[in-house]
Every structure is written in C-alpha cells, then in structure tokens.
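Multiple structures follow.
Here come two complexes built around chain A, the first alongside chain B, the second alongside chain C.
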Partner chain A sequence: MTLYTSTVVTPRRRSRVWAKFGESTAFALGLPILLLVIWGVWATLAPEKFFPSPIEIAQAFVQTWIGPAFVSDVLPSLARLAVGIILSIVIGIGAGLVIGLTRWLRELLEPVFEFFRAVPPPVLIPIVAALLGSNDVMKVVVIVAGAVWPVLLNTIEGVRATDSVMTETARSFALTRGERLRHLVLPSASPRIMAGVRQCLSIALILMVISEMFYSSAGLGFRIVYFQRNYLIADMWSGIVLLGLIGILLAVIFGFVERRVLRWYHGIKEVEHA
Partner chain B sequence: MPDTLLTVEHLRKVYEASTGDVEAIGDISFTMAAGELVCIVGPSGCGKTTLLKCIAGLLRPTSGSIELRGHAVTGPPPNMALVFQEYGRSLYPWLTVRGNVELPLKHKKLSRDERDRLIDDALTAVGLDHAGKAYPWQLSGGMQQRVAIARAVAYQPEVLIMDEPFAAVDAQTRADLEDLVRALHRDRGMSILFVTHDIDESVYLGERVIVLSKSPTWVQEDLTIDLAPERDQITTRAQPRFTELRTHVYEQIQRAKRGEALRPTA
Partner chain C sequence: MATADLPHPVAPRARRRMPSPRPVILGIAGILGFLLVWQLLPTIGVVNPAYFPTATATLGELGELVRDVEFWRNVGRTLTAWGIGLLIATVLACVLGAVVGLVPFLRRATHTTVEFLRPIPSVALIPLAVLMFGYQLQAALLIIVFASFWQVFVQVLYGVADVDTVARDTARSYGLGRGARIAHLVFPTALPYLMTGLRLAATVALILSITAEMFIGNPGIGRAIMFAQSAGQWPTVYALVVVTGLLGLIVNIIFRLIERRALRWHQSVRGEEVL
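So, the complex of A and B:
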C-alpha cells in the first residue's frame, strides 16, 4: 500500500531551470524555423526557379558538399582562410605594438594607413594576381591585405591608451621592456585588439570568397559562381548556406576565445553595472 | 650619527610650457635616516607629487641631486617601492591579487619557494591572505589599497614611498590603513616616506613632519614629532601634545598658504 503518493514534492527549481533552457532555445531557434516554414510553404505554392524550396537546397547541400567536393573545394578554402586570419592577427598585433609604442613612426604612418584602410580590398585582386600569379599565395595576400587593418589600427589605439599610472607603476618596479609588453601593454590593449579581431574575421571570410571568384578553378567562391553560371540554382544556394555556417563557426570560436581572454574585462563591466 | 638613507639636495624643478616656465619646486633639501617614518605635508598644489616623482626617479629634476644609499637617483631605483593614490589605476585588473603582488618579483632572481613565501608573508601582513585568488576589482577601495601595499612590501624595498595613499578611501578605512602603515614601520622597521595633505594624518603617523611652502616650494619647517612610538587612534589623538603639534602644523600650513614664511637664502 502506498499511502503518501500525493505528497511527493516535485523539485520546482529543476523544472524551472529546464523551462528557462527551453525558453531560450525556443527564442534562439524560433524565428529561423518560422522563416524556413514560410519559405517552404511559399516555394510549394508558387514554385520559382531562382528560389527553390529549403528541402531541395538541403538535398543539394548533401549531394554537393558531402563527398569529394569537401576535400577539393571546401578544405583548401578553409585552409587559406585560416592562414589569412592568423597572418592578419599576428602581423596586426606585432606591427601595432611597435607603431603604437613609437611616437614618430605613428605620426609618419597614420595618414597612409587611413588611405589604405579606405581602399576597398577586392580592387587589389587584379594587381596582386598580376604580380604573384593566380595561386594560394595571391589569395592569402588578398585576405591579409584587407583583414589586417582593423587589428592593426585597433592595436595601435589600444597601446596608446595604456593608463599612465599603470605605466608609472611598471617603471617604478623596474619591469623590463619585455615584461612591460607582456604584462601591461598587451593585456591593457586586449579589449581593443579583440574588437579588431572580430571585424577581421568577417572581412577575411568575404575576401576568401571574392578572391576565389576570379582566376580560380577551385574553392567555395569558384563553386558558387560556377553553379550560378550553369543555372544550378539549388547548388548555388547550398554554397551560400555553407558560407553562412562557416561564419557562425568563426563567431562561436571567437566567442569562446574572447570569453577566456577578456574574462577580467567583462568582470569589471559586470561589477560596474551591478 | 644616524644611518642616512635618502638625501635630497637643492632640488629644483621647472616645467617648461609654451605659455612660460612654471617653477614647481624652488629649492628643497632634506635627509631621511634608515628606519624613519617621515611625513611630507603642504598646501594643495605645492608640488608634493612632483617631489615624489623626482625622488622615485620617474621625473628628472631641473637641478639639484637625490641620493639613495649614496647612489644618485637617475631612474627608478631597484630598492624603492611606490604606492600611488589611484589604487584603481595602479593595480592590473587582468591579474589576480596574488598575480599583482608577484609581478614585480618576476625579474628578481628568486626561487619559486622564496617568491611564494614573500607573497604569502606580504598578503598576511596586510590582512588579505584569504583573497589571493580574487581580482582587484572584486574588492573594496580600502582592500585594493592593501593589495598595492602588499605588492610594495613583497618587493622588499629599502624605502617605501606613499603618495597620498588614503585620500580616496572613507574615514574608517583610512584609520585602519594608517594603523597598518604604523605596524609595518614598527614591526618590520620599514623606512617610509609618506606624502599627505591631511595634517592630522601626518602628525599621527610621522616621527618627523616636513612642512612644505606653497609653490615654488621649499622646506618651511622640519618638525620632530615627539609622541610615543605606540600610537592609537583614540588615545594618541586625545593627547594634549598631539593637539599642540597638529595646531602648530596647521598654523604653518596657513602661513605657507599666505606666503608669509620667508624663503631661506641659499
């Protein structure tokens, strides 16, 4: 005989946590799912050659990208993107530190930088291709030539904004140049640097695609243009979806790194707003 | 013959500006013996911070000399530590409390154990042995200033220089921190040069109070504080001798403000 079955207390806390989780997931996925449904219904009711239904695109996605094309087109594109991003960050931070710490260099270079930053990077493609030929190096150079600027200029600004009292503290404790760079200048500039890296990622992705649209015979950008010229519309859309997914992946990796590097910075913001 | 630690001789500092030169410090001379706690007090804007920065080797004097243990100070000397007024800008927010205290020790050639012992000892001395893993911005203002003091203590300087360190904390915290400075001086024999604009604080803390004139600055009076070394916020401040001394310093500051005191002819 079980007499007290009705007195079992449900763990409310836990159910509330799950409700909260479900709620935020519903919010995050709700609109995309709704849009997909509308799109799917629309595409079935009024078929239109240039806007295939999401199911067709999903089928094209599986057929096109899962298989040999992943090795011949996607991986090389991702490799060039990765090399381009890493070079942009390394060159941007390295040169930014030197220029930010050297007053005369900064005054000499800043007007020139404003000009280069203002030049839309895709116009460099014909010139770089003429100089280097159409190869991986050309594509990486194009990515770096466009994506390095936000990192470089933000690093310079961040280094310049190092607090004077913090600098005097480091001097009074006779920290060496290297120690000051590593323990003071770099961390203090890191919020600005990370803001630059965030911009760098999206510019690099754009330039990866564009650099492959010209003088190319492989890669994501080439494939998308190829599908479009051959009226393979669902395949073209599947390429665009893949680009979007790569963009999200970059954002997720960035978010993970940023939370670790700038934990102190977000902590201060939280304390200030509390 | 006292053991001379710091000698400041005919120090003069002129700031060159486009609108004309500004003479911040006219002519300052004084000496400080090892193990002393000397307070420097003066009217606001009298160049106290300029004087400290010159002594700390952060600012080059226009003329005159500063010697620490017989060596001329031309850059920040390795046997000196500074505590700034702006604790929020002198601690590094990306390092933990422990990391902040450890940083200046990194290039001192110490073993891991020795370094850890110094850090633990310094944090215990300021009463923060439980907060090593916290970040400075998680602490109150008074606790942050304790971290800055711990960092200076762990550095094992021959002289500790404090630039209005308690000007930005509330009165109760301030009293606690004053007693902490007294304790460091008494228990560890630390030599401390303490700059303040607070007359009561200078008399309560110091064994000597150097009163500065208004800018261009010189030493208006060098006063020995003949209070007992054991000091207490309540009883010491209630002593008639304390009141006499603080009234005396107060009058000197008033004279300095009015520019009545005569500049000594060199």
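So, the complex of A and C:
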C-alpha cells in the first residue's frame, strides 16, 4: 500500500523539482537577459557612439580575443597576475606568521605597515617603473607591492587572535613548533587570512590592468587603451567584458577555495546561528 | 567565596588603565628604523639615488610643499572628487540596497546581475570614462562611484536581510506599520553593516580618486605625482606618495571614529569597553 502511494507521489515531486529548477534559472537569467535586450533595442533605435549593441560587442569579442591575441596578450597578462597573486599570498602569510608570533617584531613594525597599507597602490607604479624599467618583473613587483598588505596585516591580526587557552593547551601537550603552526595557528587565523586574500585579488587585478595600460606595449590593459585611442569602441568594450570575466573567474575560484579551506568555520557559524 | 573572588577582576582592570608604553616606544622605534633604512639605501648605493631620494631629501621636499598654496589646492581637489564620489555612491547604494533588500522578488532577480557586475575592476572603465567625459572630473567620478558603490550596496543588502526573526514577529504582533518597522527595526539592524560599507567605500574612493587623477589627468595630487615624475623631480614624487599615504591613514582613522560613535549602543562597540 505504502509502496503504491510512493509510486504515485514520485512523478509529481519530480515535476515540482523541474518547476523549481525552471524558476531559479528564470530568476538567475531573467534580469541579465532583459537588460541585454533593452540595451540592444536602445542601441539600434538610437545609436550612441560609445554604446554599441551587445551583438556588436560579442562579434568584436570573438574577433579580437579568440585567436593569436589570446596567446600574445591575454595569457601573459594572466601569467603576471597569477605570479603576483601567488607571491603576495606566500610572502604575506609567511611574513605574517613570523611577525604575528613575535611580539616585539609586531609592535615594532605595525605602525610602518599601517602606513604602507594606507598608500593607494597605484602611486607605486611610477616609482617601481623608474627603478626597474618597464618589463615583466616591474609589473609583478607592482602587483606584489600593492597586494601583499591586506594578506600580511590580516595574517598578523589572525595569528594574534589565536585563543590563548588553546595555545597553552598545545604547549602543555608538548606540540612542537611546526605542529602548533600547522594544527592551531594556521587554522585559527585562516578566516582572517581568507578575508585578506579576497582584498588582495581585487587589488592585484586593478594593478595588473593599470600597469599594462600605461607602461606596456602588450597585454590586456594595453590593448584596451589602444582600442580607445583609435576609436575602436566595440573592441574596447570587448576588452572591458574580458576583464569583467577575469574578475568573475577570480571570484569563483576564490569562493571554491574559501569553501574548502573554511568548511569547518562556516559549519560553526551555522550552528551558532541556528 | 564571592568576596575572595572580587579583587581579581578589579586588579587587572586597574593595571590596564595605565597602558604599557612598550608598543608606543617600539612603534616609534620602528618608524625611525624605517626612515634610517630609507636614508641608507640610496646613500650606500643599493638603489640608484637619482630615482630613489633619501628620507631627508623627501621630508625636506615635503616641508617645502606644505608651504605651497598649489599643493593645498591639489589636496582640496582630490578630497572634493573623493567626497562627491563617495556621497553619490553612498546615497545610490543605500536607496537601491534598501529597496532590493526589502523586496524578496527583487533580491532574487538581481542576484546574478550583482554578482556579475561587482567583480569588474573599476579601472577597466577608465577608457570608457575618458571617451564619455573627456579628461574631466566627471570621468573620475564615474570610476570612483562604480568602485565604492558596490562596497556599500552589498553591505546594506546583507544588513537589511539580517533582521532578527523574533524581533520582526514581535514588531508585527504589536502592529507596527511599515514605516515604523523600517525606522525602528530595519534601520538599526542595517546600521552596523552600512558603517562597515562606508568605511571600506571611503578607502576605495580615495584610492580611485588618486588613480583617476594619475591616469585620466583631472587635476589633483595624482596628476601632480605624474607631472613631477615626467619632470624628473623625484623628491617631489616621493613626498607626494607620502602625502597620499597620510591621507589614506587620516580617512581610515576618521571613518573608524564615525563608526564607533554611530554604533556606541551596539554590542560590538560596547563589548570592547566592558572587557
């Protein structure tokens, strides 16, 4: 009897699942599609010089970026960005652990670091460019010099906020320095560190774009400015779209990593909120 | 038992009232050490002194700048662009954030659009801004507003949704109207979020107003840096970079203070004093 009712119920439930799926995709894609359609209609009815229709931008995107430009401009930019981000994170966490665990060092350096963090990163570009010349090293150094601070300062803060009872427990259980670092200090600082990494990513992307726009003869930023100066409006828009896509890609990767690294933390938060 | 316990919580607080001078002394030592290293690097010749002036040269130049009216005008221009941009972004973000956050349909419908627009680096819009407005203040404002809008908007969106369910049901059963609920329930809940967003937006807006001046070329400190650089006046460049750092620090400190004042009643601020 129960078996029969369950067979009766199943198809209805499936349709509800489909309806729900359809509803959420409609919610997810409805507004973007609506906006694109409005933009497209607007651009054909009242053509504006600086706002080509989405179809033109899409065509320009395919023509400009899919092909040799991807290898000659996009990949090197992405490589510099990746190297800059990885160096910032490694240096930030490494130095942050050392400084955060040594009290006198932290007190010595904190005011200087606060100042460095307050300096708007793009002002470093002319200085680094003059010291190192306009090359790949300079661009990576610019990215690291601007993007390392949020990771570094958040790591220091996170290490300092390690629960003192836990530190003493770890000491009395005779955990070695390495074990304490790996099992206590790093996990307890990781929510703070991830918040720093999030800021680091957006700063790194900004610095990659600007350093290429004004101190380069290749790369994504250079291309966009080149298109603008030659009034290739649709191509310029396609570059902006590509930068947006890179930004979204970074956000997605970060979200994925954060969920893995901080799974335990979100679990605790959920329990606290429930 | 209770009397035996009493002195304990009092004693450390009495001790804490007199802050240890150690961090201050060490902090000053750190700044002095930094200046010393800065002074030595070009003097010894580790870096080229032509592009890397000594600390004394830079600070001397800073002293000269402070007596120059044009420098203060540039500071004023930068802060004007910053202030206008931050104001526009905050007002837009508060209104839109509150409307979108309070209407569940809009919240769901705008989610993907927001998540797609937010990560676009604002500097990517510099070429577009230049095309639309030329080398003007409006171009800079477009960049500043775009960048700082999202900081406030997302915080307001979270804050408006964070209303405690028990408090909301209580307000409903006491028959509070829509306006009263927004004034007494939604607004106080969202305020801490708004303040955090405002502080972040103030920093971002300052970064982008100086960036815009450097690369769009509307007048201000950023353009002064680029002019000094192309004229080869490196002490001026470094002095102005120090000024931008100081401006960043001041903005940060002021907005932290505003945050603390506006949230004096809130747990996160009150909690610190009780401890």
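Just a few scattered comments:
Heads up, the rule we're going with is that the second predicted complex is superposed on the first by the 264 of 274 C-alpha atoms of A that agree within 3 Å, B and C clash if a C-alpha of one lies under 4 Å from a C-alpha of the other, contacts with A are read in each partner's own complex, and residues count from 1 in each chain.
By our rule, a contact is a pair of C-beta atoms (placed from the backbone, for glycine too) under 8 Å apart; a residue touches a chain by one contact, two chains touch by 3 or more.
Bear in mind that the values here come from a model prediction, so they are computed numbers and not experimental data.
Shared-chain residue A:Pro187: touches chain B; no touch with chain C.
Comparing chain B with chain C, more residues of chain A are touched by C.
By the touch criterion defined above, A:Arg171 lies against chain B but remains apart from chain C after alignment on the C-alpha atoms of chain A. By the document's definition of touching, neither partner reaches A:Ile55: not chain B, not chain C. Of the two partner chains, chain B is the only one touched by A:Glu179; chain C is not. Listing the residues of chain B that touch chain A in their complex gives 53, 56-58, 75-78, 80-82, 84, 86, 89-90, 92-95, 103-104, 106-107, 135, 137-138, 151, 155.
Of all the residues in chain A, the ones that touch chain C in their complex are 27-32, 35, 50, 104, 107-112, 114-127, 130-131, 202, 205-206, 209-210, 213-214, 224-225, 227-228, 233, 236-237, 239-240, 243-244, 247-248, 250-251. Those residues of chain A whose C-beta lies close enough to touch chain B in the complex are 163, 165-166, 168-169, 171-176, 179, 183-184, 187-188, 190, 264-265, 267-268, 271. Taken in their complex, chain C has these residues touching chain A: 22-23, 26-31, 33-34, 47-48, 51-52, 108-113, 115-128, 130-132, 206-207, 210-211, 214-215, 222, 225-226, 229, 234, 237-238, 240-241, 244-249, 252.
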